[in-house]
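Provided herewith is a single structure, encoded as structure tokens, for subsequent inquiry.
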């Protein structure tokens, strides 16, 4: 965890924070319960943080973090994608209120001008909003539809206003039962880019997300429950560098005559880096935010 | 005015409402003061509504409505455009607070997905926001710059939330000295499309604008002064039809029999126009290619 | 037809040109065969121009013009829309070659920056292109898929190049079996906006379309068959004015004096409409909000 | 160079290929002439490849490669940016034909849907095209303006057509004096992202560019001279990993008791990675293409 702190890297995915910590500690983490379910097209990992101690360890609030890992999302395969969609809908539905008296506010976080950060606004573009139709008591929508409003608040550099100020202002006006925040995430592993989905009933903690938005969007701040849905779209380049060195050390530090060893095996360098970046072969690029 | 009411057409420009009313009445309108200033590249008409009676007559709040008419905006002519820009800046500056302690919130009204209604969001895209830099007390911006935040709240059909709710929510959070609302307007004459600019210190009245946004954005609702800047981008098709018939009548009413004939059937005019435009009722607008 | 020529208005829809001409002539037009088929959710009118005389009369090339009129497209009704989609696919399939050895080039005509003219580029955005996968002989696509390429060539004002030059250049490189040109059309009636679809096996004639693109896209020019698919998105404002006056005259011409009066001044109609629309000459169009 | 080949990484910038090769060889490269000019706000490096041997060594065609390095482009500084703009215009002008009888075709390479690859299409959006006005012999533009056409041909995955096929098709139709191809580049160093500009009179070689477009755009293929203008927007993640390891080896391989050393200095790992990524601190992210 020291490394991530040093680089100001937030581990957006609870499942990764858990893996890292458990790997470092080599023991189960008290106050955290993890269950796994592997299906044909995806695997679901549920990380439950049950106690304050667990929350402190994983550096995120108590609550439920559900990760659907589905590398098949990166290949065109409609039936598999439908499977994953149904699973996501099922898990989401469990987190929604049973009744439909108050609207649900969907918030698309991120900057629509930057591809890796535009996930939230893109999703909002596809949302069917109905709140105004519910207000008109139009029967066509009130049966079988949820009462839904949606907003893409932009980012600080575009509006000059903290996202949380905009969202809180709107929440106070329309009084939703729930906020669903959609966000692009930073993963700790390239395998998760465009292949994992994280659902959390804890909202969004300060400092997380691709754009490093500081103020959190959670029940404490907004006064209503916040479900966060996120997909990793980037990996911090420092993690690439770190993984490379770790692999290097793993492989070669057992050799006593390290210096000699290195000289002989310099070509090993290439295959090392290749292993680190394998999931996308050489199609990964590094861009400034 | 009957005709406009029949078709639910709002006269977004005070100068047009004044012309129409004065034309119909044939006398000056009490409580309304109008001054004109013609320059080489533009003309400025200031309509001041001074009394409640004047407000009632022109169907808009007391206050100042400044219209810059500049058909030269439709042809490429950089020096002339600069002239107009300077005039607009000068008139706008007169309406701004002298001090810079509180931010100014710029609101781009309208739907970014529809060209004639996208003026507000387009303008916001070009605004240099600085409020977040002022908060950091960055000297580079605090000297010579205004403290500016900006938002494009979308429209009801996209968000499910009334624009005024979103803006009021944000105003309550960031407490601006002033709101500047940018909007596409509907004109009563094709000459004004892309050639006129209206500045008003009264905010935006309910029911005006291309998208017919009902709740107003004004000091009464938001609690802070609202300056509205608008440019006509459309003309309602009913007005095209009306103008045609009026010209027709103008030309042929010298015939005596005809004059008598017409007088009897004048009320037919509205129902005629309605028939032509029926399939979309009054929701058709005329835009330049 | 005189009126349309005077305003430089092209009747993009064969069915409208036919209605107009038959109405004016009061007799069947030789060399033109028209059949109608009315279904629950749509009506299909097929205009076949069989002879050169028919082509001269309707001012468009010999060939088949299929119009699907479906006002229900303007209301949310998924099952009805699916019905219409299936009909369109069926009619389109009849016009496609049976074999799949050469690619089909889809061309999205129009300006992506202007909503009413952006139909073609929008459609291209949704097209699944496969030609590059066929070139790689990827089995996954070669079974059950067509070999498809797609381009949005932009408009003269954006590229400085005539659309036909761009398309012809590409056709000569990739040698398609067929070009399908998608275009926004100008209708003669507001009822058809966003409710009709025209399919033609004659390509696009010079001077048609919302943006008035002069050089045609047809077999004569491109050397391969061209299917045109178009949807009306605008009506010329002059038509609104004309319809108003015509209805007016229809209603009031029972008066004898008036009838005589009007007969004398009928030529005044064109100049009247021209006066109303003068500031933008004929470049104004009517669009739904 | 072995490393880059192994990862299929193209060195898009001649100046970087030269630095790398000279570094590896430790001697001047025959047939390559390099001059440097350092100014207040930028440095210009001209790499001239004079012989076939030089071309073989640097793996790019004979010709002139001009790089303007200007890290100040990343900070808001209008006067400095203007300086750089003037220098770029000056260098570009030297490469243009003196007469203006034939048009210049500007080609914006890359995918407009992906931020780091959208540079070319963005630039084309800002280009003032005049070719159609020259064809009309409009005096307003023919004096003081160049005859310019512009196109953004998209990428293979969007059109199903190789970019070179589209461009060659258009070139054959409009017969330009010159093609200017604008492209996003991949750099070998994070310092160059959004801070360097490369101008080359050799066109674009096969396989270069962010999107790895295979067929080249050069005089051999198009039959007219091609100037390439590129700006680095990405760095391949493999380079990050490689740089990390190289630094590591540089620092620690002199130590005999390497194993012991490593155990003690494990915290050095963090500072190492920090050094590699310093130019953007931790704001670099890794994304799949």
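Going by the order they are written in, the chains are A, B, C and D; count residues from 1 in each one.
The working rule: contacts are C-beta pairs under 8 Å (C-beta built on N, C-alpha and C of every residue); 3 or more make two chains touch, one makes a residue touch a chain.
Keep in mind the model is a prediction, meaning the values are calculated, not measured.
The most distant chain from subunit A, with centres taken as the mean of CA atoms, is C. Subunit A and subunit B, compared by their mean Cα positions, are separated by 43 Å. Averaged C-alpha coordinates give centres for subunit B and subunit C that are 35 Å from one another. Taking the mean of the C-alpha atoms as each chain's centre, subunit A and subunit D sit 33 Å apart. Put simply, the C-alpha centre of subunit B and that of subunit D have 47 angstrom between them. Annotation for subunit C: no residues touch two or more other chains. Contact between chains, using the touch rule, shows up for A-B, A-D, B-C, C-D.
On the subunit C side of its complex with subunit B, the touching residues are 71, 113-117, 190-191, 193, 210-212, 235, 237, 240-245, 247-248, 251-252, 255, 257-258, 261, 265, 268, 272-273, 275-277, 279-280, 283-289. In the complex of the two chains, the subunit B residues touching subunit A come out as 103, 129-133, 148-154, 156-162, 165-166, 168-174.
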